[in-house]
Structures are given as C-alpha cells and as structure tokens.
Amino acid sequence: MSLIPAFALAAALIAAGVLFTRRAVTLYRLVRMGKPAARFGDVVRRVRAEAVVVVGQSKLLQRVVPGLMHAAIFWGFLVLFPTILIALIGAVDPHSTLPWLGAQGWYALLVDVFAALVLIGVIAAFVIRKVQRPVRFKGSHLGEADLILALIAGIVVTLFTWHASQIALHLNDYPASWAPISNALASRMSGPAIPYVERAAVWAHVLIILSFLVYLPYSKHLHIAVAAINVYFGRTRARGRLEPIDFEKPEQEVRFGSARVTDMTWKQMVDTMSCTECGRCQDVCPAYATGKALSPKLLIMAMRDQLMEEGPKTLTDHSHVPPPIVPNAVTDDVVWDCVTCGACVRECPVGIEHIDHVIDLRRNLVMVESRFPDEAGTMLRDVDRSSNPWGRPGSDRMQWAEGLGLRVLQPGEDAPDVLFWVGCAPAFDERARKAAVSTAKLMLEAGVDFAILGPRESCSGDPARRMGDEYTYQRLAGENVATLNGAGVKKIVTTCPHCFNTIGNEYPDFGGRYEVVHHTDFLAGLVRDGKLNPAADGRTITYHDSCYLARHNDVRSQPRELVAAVGKAVEMPRNRERTFCCGAGGARMWMEEKRGTPINHERVREAAATGADTLAVACPFCTVMLDDGVRETGAKMQVVDLATLLHEAVERRRGQA
Amino acid sequence: MRIAVCIKRVPITGGRILLTEDGRAIDTRHLGFTMSPHEECGVEEAVRLIEANKGESVVLTLGPAESVEQLRDAMALGIDRAIHLQTDGREWDAEGTAAALVEAIRADEAAAGPFDLVFFGNESADSGGFQVGIRVARALGRPCVTGLKKVALDGAGVRCEQDVEGGRDVYVVLLPAVLTVKEGLNLPRYPSVPGKMRARSKPVAVTQPVRPEPRLELVRLSVPAGQGRQAESLGTGAAAAPAVVELLRRAGVL
Amino acid sequence: MNVVVLVERDSEPSRQAMTVARKFGDALHGVTIDEAYPFAPDAWAAVLEQAAEVVGASAVFAAGTERGNEVMARLAARAGLPLAANCTSATPGDPVTVTRQRWGGSLLEEARLRSPRPLITVAPHTVAAEAGPELVEVDVQLLLQRLDPADQLVRVSGHVAPQAGGVSLAAARVVVSGGRGVGSKEGFTIIEELAGLLGAAVGCSRAVTSAGWRPHSDQVGQTGTKVAPEVYIACGISGATQHMAGLKGAKRIIAINSDAQAPLMLNADYTVVGDLKEVVPAISAEIRKLKP
C-alpha cells in the first residue's frame, strides 16, 4: 500500500468530513432549537410509513413516470451504497476491496444493473426537465437540480469506468462475467493508458462523492438525509386533526403559532429542510391553479431560506431576533389564500405538512397581531360572541326545522340513539338548509331514533380554528363537549364535513369522544339495510368529493353508493382523494378572493365538462360555493345534496308503488 | 393621565326579539352578550389616549355578576383595571345607575386621583335613556359633551365633534370632562389573545350597591306590531327588475 | 294646567311632541330654540327649568331628537328629576304611564313615571301631529340674558363642513343599501351604480362597517343614521333589529335577498328573492332603458 494515496485520501476525507460535519451540526442545532412537537409515539405506524413511503417510494409513484425515474435513482443509491466504501479502499490500494462483499458476483450484478438504472433515471430526469418542462418546476432552483443530476451521473459514469478498467486490468475480485455492463465496457478498453484510467476513474469517483457530501447540507439534496427522518416523524393521528395549543401555561410560555423562524417546531424545521422543490404540491394547489399568490412549494422554500439565513445567526448570538416571517419571507396574501384542502400534503413525497405551517402562521397573525382580512374579523367576532359565524341569535337555530316534528333534546332527557348535529350552515343559510331537511325527513322515514340540540348547539368552532383563532375554538369546543357529554350522547350524525371532522377527530383532545358519522355514510347504511328504498332515474350525476370527507377522512365510497342508488354516475377527472376544492375551506368561505379566477368556477367547469345534469354534493359549503359557481358561469347543472337526491328517489319509489 | 369608561352588558339580538313568559325581560338563554356598540368605541378611544399619553384607564359597569365578561373584554383591549358595581340582576333606572357610578368614581378619585376624562356611550343599546352620562357629569360638576364622533386632546382641554345635519358641530371644553360618544368615533381593535389572557388576571374591584326604588319603573315589555308592511313579492331574480323599476316610477323617484 | 314644551323651529317631531303634551295641560308654553345663538345645551336646559318654574308646569315635553333628548337630560340632571326618553305615548296620572322605545324602537316598554314634574321626550314619527291651540311663546331672550356663565361652558365654537360628494343619508329621498350579502368592498360597485342612477344615497348595515368595507357614515341603523326616504332598497341585508331600528321612517322598503326567510324580507313592503349580484345590475339596466 502506497502512502501518498493514503494520505491524500485521509486529507480529502478529513476536509470533506469537517466541512460536512460543521454544516450538519449547525442544521442539527437548528432543529434542536425548534419548539416541541409530540411525534414520538405510534412507533409501529411510523416504521410502516418508512417502509411504504421511503423504501417503497409510494408517494413518488403517485406520478408513475417521474416516480419510476426517482425510484430507480433511490433504490440504486441504496444498492450502490457499499460501493462508496469499496471505492475509498480502492483509491488507496487498487488490489484491495471490501472483504466478502467485494468478491460476490451477485453483488457485482446488482451494482451493474442498478448503476445502469440510475443512469437511465438521470437521463429520464433530464428529459423531463429539459424537454417536457413541467409547470410544477416554476419557481424551483433548476440550475441546482441540473448540477445535482450531473453529479449523480458523474458518480455512476466514473463507477462504470472504474469497474470496466478494473476488469480490463484483472483487478476485480468478483467474477467479471457477473458484471455484464462493466465487462462489456472492459472488452472495449485497450492500450497502455488503462492503469491511469483506472486510477483516474476511482479518484474522480471518490472526489465527486466527497464534494457531493460537502455540497449536500447546503443544497436541496439535503433531502436524502432528512426526508426519511421527516417521513418517520410525520403525523400518525387523524389527518384532519390540528395540534391544540395549551393555554393553561403562563402567558410567556404559550406558543401562539409561528411569528419568526425560531417559533417553528423542530418537525416544521425538518419539513423545510426536506423540500426538494419538486412542485407536486404546487401542481395540485387550488389557490395556485387559479392565480393566487400561494404556492405551497414556494411557501416552504421561503421559510427554509429564512430559517437558513436567520437560524444560524440565532445560534451564534442568542439575542438575535429574526425578522417576522410575515411579511418578510411570506406575504399576508399567501397565508390567507390557503383552503386547507390537503392536496399538497397528500402529494408530497417527503412528508412535508404544509397545512401545519399555514395554520401556525395564521395563529400568530390572528391571536397575537390581530392581522387578517377585515371581513374575516366580522366572522371571528360573531363566532366569539354569538357562537355562530352568521352573528344570528342562537334562538333562530330551530327555524329550519319548523313543521318537521323533530325531537329537540332538552337538558336532563335521555340521549337518543343518534344525535343529529345540524351545524350553523343549515340553520342560517337557506341553500344549506335543504340537505338538513332532507336528512331529517329520511331519518324519520327510516324510523331512526334521533334528536337535535336546537338552540343548545354552538358553532363547532372549525372556522375559528382554521383561521388560527385557537383560543375561541377551544372555548367553543369545550362548551359543545360539555353539552354533548352532559346529554350522554354517544353517536352523532352530521351533514357538514367540517363539523364531522372537528367533532370526530379534534374534540377527543377536549374530552369529547363520540362515534361521528357523516350523513352520506349513515344514509348509505340505511339504504343497504333496506330501511330506505330509492328508485333511480335517468339523471346523470357527477359527485364532488368534499376535501374534508374524501381526503382528510377517507369517506369516498359511501357517497358513491348513494349516487348509484339514485341515478347514473359520471366521475370528474379530479375525484376521490384527488378531489379539487370548492374554495370554502380554511375559513375562506368568509373571505373574498381578490385575484385570479374563482376556485369554485374552476371546479364547476370541470363538473360541467362531464356533461352531467346534476352536480351532487355532501357539504353545506360545497353546496353554496358550487351553486354560486353554477350561477355565475351559467353552467347547465343543478347543485343538489345527496340527501335531497336520496329523498327525491325514495319519494319516487313510493310514487311508483 | 387617568381615564374612566363606563359600559353596560347588553344581549346581541338578531332579527326577532323573544321575551320571557312574564314579558318583563328579553329571553337571553341563547343569546350572546357584548357591551353597547357606542361604548366599544369609548373603550378603544380611552385605550388609544392612554397609549399616547401614559397613565391609567379604568372601566366601570353596573350590572349582574356576568357583566364581568364585558369588563374582561374591555381589559383585553387594554384597559388597566375594572370596577364592578354588582347587581342582583334586577334592572336599575338611569337615576339609580348614575348615582351608583358617581359614588364609585368619587371613591376611586379619592384614592387614585381625578379622571381627566370619563367616557360613556351616547345611549345604551337596550334601554336607550340618553341620560346616564349627562347625570354623572352634572353630579361631578364637570362639562359634558354628547354624541361625539371625534375627540382630540387640545392643550388643557379637549376638542370634540358632534354630527349634525349638514356637517359637525365643534365643542371645546377644559379637562376634567365627561364625554358621551357614538359608534363611528373609531374602529375598535380586535383583541389579541395574550391581551385576553392578561385580562383574566387584571384586577376587578367588586362592590354591591343598594338598589334605590326606580322612579321610572318597567312594567312590561312588548314587541311592537309590524308596521303593516305586506312583503309583496315583486318576483324572483333578475326577472323582477322591470317590476322594481315600475314601482320606483310610481313612487316618483325615477 | 301649564305644560312647557321645548320647540325646535319647523320641526315635525316638535309638533308631535306638542300633541302628546296637550294631554297634560290645556296651556302649552313653548321654549323655542333660537338658532341665532351658538347652541349651548346647558343654557337651554336652564331656560327650560326657569320657564317651568315660572309657569308651575305640570310636565315638560320635547321631541326625542338628538337635541331634544340632550337638553331634557340636562334638565333632568340639574333638576334632580327622572326623564322618560323616546316615548310613543304618555298618559297623565299618579304615576304617569308611558310607553317608550327600547332597542331603537324594536321593543316597547310600558313604564310608570313617578315625578313631581314629569319630563318626557316623544319619539319622532311615532305619534301623528294634531293641530291644537296656539302655543304661548316663552320670552326666551329674557331668560337667556339671566344665564349663569357655567351654563355656557359647553357651547358650539365651530363647525366642520361635511365630506364632499354623495347624497346625505339622513335627508335622501332614496337610499340603496348593502349588507353582508354584497360580499366585499368591491362588491359595492353595483350598489353605487344603482344609487347613481337614482340620485340616491348609499347606505350599509353594521356588518359592512365592521368589515371595513364602508365608512361608518354610511351605516344605517340604531347606532348609525336613521333614514326616512321615500324608497329604501336593501340588498343582501338580513335585517337584524339593530338595522331595522334605522328604517322606521322609510315609506317603502324593497328587500332583495336570496334568503326568503331573512327577517328584513318578512318586514319589507316589497321583496325580490334572488342573488343581488344579478338583481341589482338588472335593475340598473332596466333604468338605463328608460333614460338613455
């Protein structure tokens, strides 16, 4: 073994090691500085997520071609990992390699095959980026991506060159026939230069890898270290559940969301470090698609950039106060454009949870700075003082049910089998009313033992929570839980997916544990059990999946059972968990869209393109937004709730009998 | 600078007002509560003046135990402390209310110094007597300007603007003074949650004044019969436009 | 028996107040506010007090206008007497029974007034003015000369002209008003357009001013401006009592709302069920057809 290469390698390793480690330590210390996040339980689910999402590349494969491209590179990287060690050894001594593994033919085969796959993957990536030029890369650092791809290509090309020249020099410990590609390349090599080529190739390989190592923690390629960690620490509880704030702590210790990057939780910091700027989130964002300021990708990138800029300053000087995130890194518009539909979170291959970032920015803006769109302020005041976003008196909550003969649960009475949670929309909005009326009539017909709370309902609190007013939300949640627990309620049916989500997934954090069922699920059950008998007619129905049902809560098939029972179904391209938001989520029902085109118009266009005459909905907000959209675009469709369609179908059967 | 603001807890009514069985009160079981709209502006003005001039602000109310919620709301906006003249829930008339407030204000001034300004709403949303602020000013021997839409400190006095037909009348009086204000004076801020949390622990001094016999005594409430408006339908949607225009023509406004 | 009445010149509410005052005495003595003097409310309260003492008034009345309520409240304070403000009816007796307005008129209160000299203001436009015997004019000038300087400390010292542009809401013959249903500040463009075509003032509900879409000076309602137009067109306003309190004087209310059950729809003279974003421009278009 010659000493010069050994020293040279040692020097290179030390240099690269020091540079890498220093930066890695800074990043680690940043994350340690992050605020707490409870992500250590549910180990089984976390390990499963690693296996499926990281190793199995499941989210990446949601888009087949780019997914396969990346899988090739990623799995290739896993298989080729030991070759780094082999190369390091080989750089010092051309005759040495890793014991045992270095001699395995099967491993040499794997290396050849996967190295080729990586190269194909890189070429595919270049074709996608340079020829196809997908829109989702708008705003991403394309030069950086090109460099990274070139480095990967360099690693693989130098690897093949080294192996080929090794084989040509008979330096290989593994049988050459087991490395077909390298072997074939070797047979084309001849001449006195081969030993130099072999040395050059292995050193080029090692140096590219070491430079890559140093470059890693300064680039978006950091994701190769961080993404797996980010996926491990992802949410394991209900997707629609937000993390509550503990207001019982002394005021200085309460975390009111994020004002500055130093307020972020460690998980949020890791989120920003995981971003590869792939743009899949941007592609599916309804706000971005309709010309708003928000791009989930650019949001995460901006927060990452501010974190990387300001975070290290805080580490070296504890008194350094970073500038506020809003409006310096992220504008107010971006924060309020979000409809919390979750399409971005669903797409993200590295487990970034964009909604949590938006909500934390909103929490600070609303609760500390009182900085939000004026019209939303009216809604917040109304929710706080009148316990509903319409500012109407609680005594008016019964008006929709006049003449229906519904049982109103009085304090002290025994709870019914099912509590029909009406919600604010049907009580105070004339279009949302119909679904509640139909549901009530159907439940009466089916002989369900149910009652409503009437004026004792308060707003579920969802609009306040999604706006970031966690304080008001917790007060309302507490009131409702007290009412529901006091009444001994066990099972709740509701027509509103937002009430459904918050009561079912979020109220348990406040002592309220109930079986909560969406009305489409409940009614589908009644139809299955033969308690309701609809007669389908020839109408063509396209069903709009509500985000809070289909994406946050996996309720997708039951509404479709109802569609099939009442007419002919035709699906929109963006359906089920890929559904496109109506635009009302994230409390945007109460905010005006100030630029671009309206989100609801976009969705109505998609619905109208199916040619269906009926646009079926399962949510009072979707009802209002899509009905507005139909009227404003002049689409020839009727927006009807599934409960109303079912009621009509049941009447039809009765009429036929 | 020391400023006091007087507020009153009132229910938030909607489109219909429901009364209790005996017709002597509004049925508030499912209603939210707030301080009167004019008073919110008074609170905001007081907070702004103290922010600009340093000093102390106090909010007072005569009302049942639950009125402490409105005191906390005022303190969440920035008022420093509160005085709660707690009643047993029965209504007090304007004379009684003013007398109790005067006593509380005098007691506080004896302990902590005179109030440069005392703010009132021009009238309360519910009983609308238009007189409590004026009575308190008279008893304290201070000038009173009412119905104000703009207030500005001006040397040793205060310059006030009151809406009248054709503009605003300007009054200038010396401090200490009593001012009654109207909504539109300012746009009250939205309270921050840290503000609300701090308000929970700000001091509220409670006393229980004795209720004098009211000389204007409520017998019964009633909802006035509609003015006989018939709600005649002119049609639905844009198709009703010609009928509307015809109506406007007949009314002589076109 | 003598009754003293505070009179605002050429004011229908004053004549209405006199109508009720006549029930309390056969001789009405009028203290007419002299507009030549800069208004000083305590001064007029002092004059009223003097006049009442001189004639031994059995009661003192005024209209429940801004001025009327203010002067009478000051009289009540200085005389140490109760005041029943904004009454829709008053019946002499011991005690006097009154019906007065609460919640800007959305609720009525029947009350007993115990006072050696009842002080009452009459809510404007709730009582029909009836002709009656001539008022005896009190020599106000004499009383004004004898005023205590303390009563002139609070006095109008200047005037600010109104903001330029627009028709005054309180005096407008037609008001086109928008509520929450208008949706945004920009949404008011169609309201302004219709108002422009009708030479009308633009009004709004409290929800709109709270949202910052329009200034408070446009607000119609209990804590805003009370209007009395020939026609009041309400677009997308649900009709909380707070708002309705400002509409008592409107001769005709046309309500446009997509919710047929909204309180204002049930309390209007004419209704259009529909989306105001369609209906209002359609009305403007129809008007343009008439006057191109």
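Order of writing sets the chain letters: A, B and C. Residues in each chain are counted from 1.
Please note the rule applied: contacts are C-beta pairs under 8 Å (C-beta built on N, C-alpha and C of every residue); 3 or more make two chains touch, one makes a residue touch a chain.
In this text, all values refer to a predicted model and were calculated from it rather than measured experimentally.
Shared contact partners of chain A and chain C, listed by label: B. Simply put, of B-C and A-B, more C-beta pairs touch at B-C.
The most distant chain from chain B is A, comparing centres defined as mean Cα coordinates. One inter-chain figure worth recording: chain A and chain C are separated by 57 Å, centre to centre, where each centre is the mean of the chain's CA atoms. Computed centre separation for the pair chain B/chain C is 18 angstrom, with centres defined by C-alpha atoms. Work out the mean CA point of chain A and of chain B, and you get 48 Å between them. Residues of chain A in contact with at least two other chains: 377, 381, 391-392.
Looking at chain B, residues 13-16 sit in touch with two or more other chains. In chain C, 212, 238, 240, 275, 278 are the positions where the chain touches two or more neighbouring chains simultaneously. Residue ranges of chain A in contact with chain B, taken from their complex: 247, 251, 254, 256, 367-370, 377, 380-381, 385-387, 391-397, 455-456, 469-471. Looking at the complex, you find that chain B touches chain C at residues 13-17, 26, 37-38, 93-95, 98, 123, 125-131, 134-135, 137-139, 143-147, 161, 164-174, 182-184, 187, 215-224, 226-227, 229-242, 244-245, 247-249, 251-254.
Contact residues on chain A toward chain C in their complex (touch as defined above): 374-375, 377-378, 381, 390-392, 399, 429-431, 592, 631-632. By the touch criterion given at the top, residues 12-16, 18, 27, 29-34, 189-194, 196-198 of chain B touch chain A in their complex. On the chain C side of its complex with chain B, the touching residues are 39, 41, 66, 69-70, 73-74, 76-78, 82-86, 97, 101-115, 153-162, 168, 170-171, 173-174, 198, 200, 206, 209, 212, 215-217, 219, 222-224, 230-231, 238-242, 244, 248, 251-255, 262-275, 278-279, 281-283, 285-287, 290-291.
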